[in-house]
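So that you can tell them apart, the chains are marked A, B, C and D in the order they are listed, and the count of residues begins at 1 in each.
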C-alpha cells in the first residue's frame, strides 16, 4: 500500500473523472517529506491530497507566509484563515519570498497556469498584446520566482489547444525560454541558485516532461482511456511522444475517496455565509 | 504620533487627490471600510499600490478613483477575474488605467526596501520573464563580489498607507496577528499611515516578538469594527467567501456594479458597509 | 531535517577544522555549552563569525581554535575589553588572528542577505567611516534609479551556524523568543546548523507569528539545559552578570586564563560547564 | 517644575559629582517624546534619567531589537533581559537596523566614545595603527550608522586630553569628517537620508556644539565651578569658546535623587549571583 498504513482500500477506483485522474496523478508526484511551495487551485488540491494519502510529511508552503500548513479544507484564497490556523508558523510575505523561496528551501514549486508552451514557459499575464490586451489575466503573483528559485517545478493544467500553445503570448514565468536554452545560459552564480525548472507537467490527458536535450515538452505517460489523437488535438504544437509512453496508473479507490471527502468538506465549509472566526 | 480619529476624518486628512496610496492586506485584513470611505469622499487620480488588488481595488477602480495601479497579482482569489480592473485595462472604462506590473517577490522586496529607507530592492528575480520588457522599473545591478546580475526595482514609498489590524491600545500602539503580509512594511514605507482596528483595548497582551506597530510610527488610528469584511480579521471573524463568489456577477456588468456600489457603499454610513 | 543528537555528536559531525563557523546570540542565547564542546574537541583554524564576540569567542580564540574573526563589536558588554581577543590581535598570542571588521548594521544586513540567498547586502552605511579603508569587503553599488552610491558587503554564508534556543518539539521544530537577534538569519544562511535547546516539549505553544525554525531548516538539535549560561535564556534563567564581571580578571593573564579553562571547561562533562 | 508633576523637589542639589552633573545635563537635552537610539553606559544612564524625570514619553530603542523599552534598572549589556521584558516589542536585529534606524525613525542617536576630535569624529576602534594597534578597542558596533542615520547625535564623554584629540586615530563613526565638510559633500539622495550629525557633546566639564560654519566643536556652556583653563587643559586641540558661554544650570535635588536611586537599584540588581529568570 502506497501510504504504508493498514486498512486503506488500495484497489483501483471503479469510476473517476478525468480531473480526479489528474489530481491523483499530480499528488503521487510529490514524495513524502518534500517541501512544496503551493499555488492556489489545482496544485493546492493535489498537494493536500498527497499529504492526506501517501505523503503525510509533505511540507506545504503558501505564499501568504504560512509555513508547513495542514489545512483541513482547501483554501479558496492563498491567504485563508485555515492556512494560518493550521501552520507551524506564519511569517511576513517579504520573509516568505526572501528567506524561504529565494533562500533555496523549496524542493518543488507547484504551479497552475493559463497558457503553457512547447518549452514549458508559463503565461498568466494576458492574451494578446501587452498594451492592448484581448484578455487581461491576473498576472504573475508568486510564479515568476517560484519557477526559478524552487529546485524543480511541477505544472498542473487541463489539456486544451487554447492552453497548450506553440509559443506563449507573454512569458510570465520561465520554463526553458523561447529557444529552450534559457537555463543553460545563466551566469554561473545565478545558475547555482536556480532550479531545474518544470520537470513534470500533469494534465487531464497525460504527463509531459522536458526532453533532456532540447527541453521541449514531450508526452511520457498517457492516462487510461486517452488516445494519442486526443492529446495531439488538445496540444497547439506538433507534440512528440517518447518511444514507449507509459500508461499512467489509475487512481486507487482510497485516493478518490479521500479527494472526494476533501472536496465535499471544502464545499460545506465555504458554503456557510459566516464561517466561524479563526482562532 | 498616532491620533485617534473617526474614519471620515482620518481619510479626509491623510488621503488626498493625486496621492500614491497603498491599501494593503494579503487576503487577510484588507481595509474595506477605509477604502469605501475613500470612494465616498470621491478621491481622484490616485496611484494605487498593492501586491494583490482584489475586490476593494476593483471597486475603487470601477468608481474612477485611480489613474495608475502598481501590483503583482490582480484577481478575485479562487474565483477569477476582476472585471472592473479588466474593463479599465482592456476598454479604458471608466478611464484609462496605467499599470505597472511586478512579481510578488519583487513587490515584497520593494515594500521591505521602502521600510528600510533604501531607494531600491535587490532580488534574484524575473529570470527569463517578459515582465522587464514591459516595466521600465525593473532594472539590474551587478554584484561587486560575484559579478552576478541581479534584478533591482525601486522601493515602494507611498504618500499614505492604509491597513487594518486587530487592535490598538489606548496609547495608539497596534497589534497585527495571523497572516501579517506586508502590513508592517507598508506602514513604515509610507510618509503617512492610517490604521483601522477592530477595537481599542487596555493592553495588547502581545508576546515579545509579536508584530506590533508603535504609536509613533502611525499617523492616525480609526476604530472600524468589521472593517476588513468581506475579507477577515484573524481572531474576530472569518472571510465571507460567499461575497467574493457573488462579486463576479456583480462586477461583470457596469450598471449592476454602479447600482451595487450605490446601495452598499455610497449611501451607507461610515464603518457599517460590508 | 533536524536529527536529535548528543551535543558531543552534533559538534563532532557538523563542526570541522577550517570551517567558517558562527555561534550567534545577541547578548541573549549565546551558545556557551556548544562553544565549550568545540573547544574540548580541539577544533583548529576556524573562521569565526559573530556580530558581538564576547566571552565565548574570547575563550575560543584564547584556546587557539580560530585563525580569523569576522565581527562588528568585540568587547565584554558593560565591562570592557576581551583580553584574549586583544592579546591575539595585539601580540599574536596564541596565534595571529586575522580580523575582518564591520558595523552592526552591515553585519545584520549580511546575515539577512545570507538567509535570503543573495550574494550581497546593500545598506546606507559606513558614510565617512574609515572601516572601508581597512576592510576590502566593503564595496559600493550605484542605485540604477537614483544614482545614489550605497555600501555593499558580501552575505554571510558560514559552513555551520550554532545557536541556542528555548525549546524544540518532538518533531524538531524550534521556538526562539525574546531578544531574537540574528538567530533565524544565521541558521538559514548556513549550510549546516546545530541548535541547542533548554528542553524538548510536546508542543511549542507558539503564537502565529512567533520566531520558529522548522525542523527541515535545521541539521541537528542537542538538548543542553543551561546551555546559554552565563548569558541567559528568556523565560528560563537570567544573565550571570557577575561572571561577566569576573571574566575581566581571569582573561587578563594568560596563565590564569589557561587554568580557568582547564578547570571549568576542559575537564568538565558536556553540558554541565558554566 | 520641569516634569510638570507636583510634589517633586526641584530645588538645586546641594552636592553632586561632576559625573552626576554630566548625566543630568545630558538627560535634560532629551525633550519629551523624542525617539532615542541609546548606546550602552553613560547614554543609557542619561536617557533613562530623562524618562524618569522630565521626559516620561521618551521612546528608548536599544540595538538589541528592543523598541520603546522602560527598564527599571540600567542594563549592564545592550541585550539584558530587562530591556526585552519592559519593551513594547522586540524585533530582530536586522529589522532594528533596517526598518527603525536606516528607515529614518530615530530622532536622536545617543552615543559614547573612546576618542572624539575637533570635528566630532568618533573613534571606538583602536589607538595606533590598524594592523599593529597599540590598544585594540571593541569596534564600531551600531555607532557608524547611528551617527549618520539618526536625525541628530548627542555624544557623552568624560573630558580628558587623551579622549579629546586633534584628529582621531581612526574614524569609526562620522562626525563632520577630517576637514569638517564631509556631510556637505554627500550625494543629494544620501543627504536626504542623513542626519545633522553630532549637535551636542556633553562632558563632565562643559557642553560643546559644532560651529555652524566650520563644524569645529566649540564650548557653548560651562558647568558650575569649572574654569576655562580646566577645559583647555583637558582638550587636545586649541579649543575655542563661543563669545559668551552659558553657565550650565545645576542639577536639581530631585534629578540627583532619581539618578542615585536608579544607580543603587541597578547595583543591587546586578550584584545578585542569580537574578530571577526573565518572564
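Just so it is clear, a contact is a pair of C-beta atoms (placed from the backbone, for glycine too) under 8 Å apart; a residue touches a chain by one contact, two chains touch by 3 or more.
Since this is a predicted model, take the numbers as computed values, not measurements.
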| item | value |
| --- | --- |
| Length of the shortest touching-chain route, subunit B through to subunit C | 1 |
| Chain pair showing more contacts of the two, C-D and B-D | C-D |
| Per Cα centroids, the chain farthest from subunit D | A |
| Distance between chain centroids, defined by C-alpha means - subunit A, subunit D (Å) | 56 |
| Geometric centre distance via CA averages, subunit B-subunit A, whole Å | 28 |
| Computed distance of Cα centres, subunit D from subunit B, in Å | 40 |
| Multi-partner residues of subunit D (at least 2 other chains) | 84, 90-91, 98, 102, 149, 189, 193 |
| Junction residues of subunit C, two or more chains touched | 112, 117-119, 123-124, 143, 146, 148, 178, 180, 184-185, 208-211, 234 |
| Touching pairs among all chains present in the structure | A-B, A-C, B-C, B-D, C-D |
| Partner subunit B, residues of subunit C touching it in the complex | 117-120, 122-124, 137, 139-146, 148, 150, 152, 154, 177-178, 180, 207-211, 234 |
| Complex contact set, residues of subunit C against subunit A | 1, 112, 115-119, 173, 184-185, 188, 206, 208-210, 212, 214, 216-217 |
| Subunit A partner contacts - residues on subunit B that touch it in the complex | 26-28, 51-52, 71-75, 77-79, 81-82, 85-86, 89-90, 101-106, 108-109, 111-112, 123-131, 134, 143, 146-149, 178-182, 184-185, 211, 232, 234-242, 244 |
| Subunit C-facing residues of subunit D, complex | 40-41, 63-66, 75-81, 83-84, 90-94, 96-98, 101-102, 121, 125, 130, 133-145, 148-149, 170-174, 177, 182-183, 186-187, 189-190, 193-194, 270-279 |
| Subunit A to subunit C touching residues, read off their complex | 33, 35, 59, 67-68, 84, 87-91, 98-99, 102-105, 149, 189, 193 |
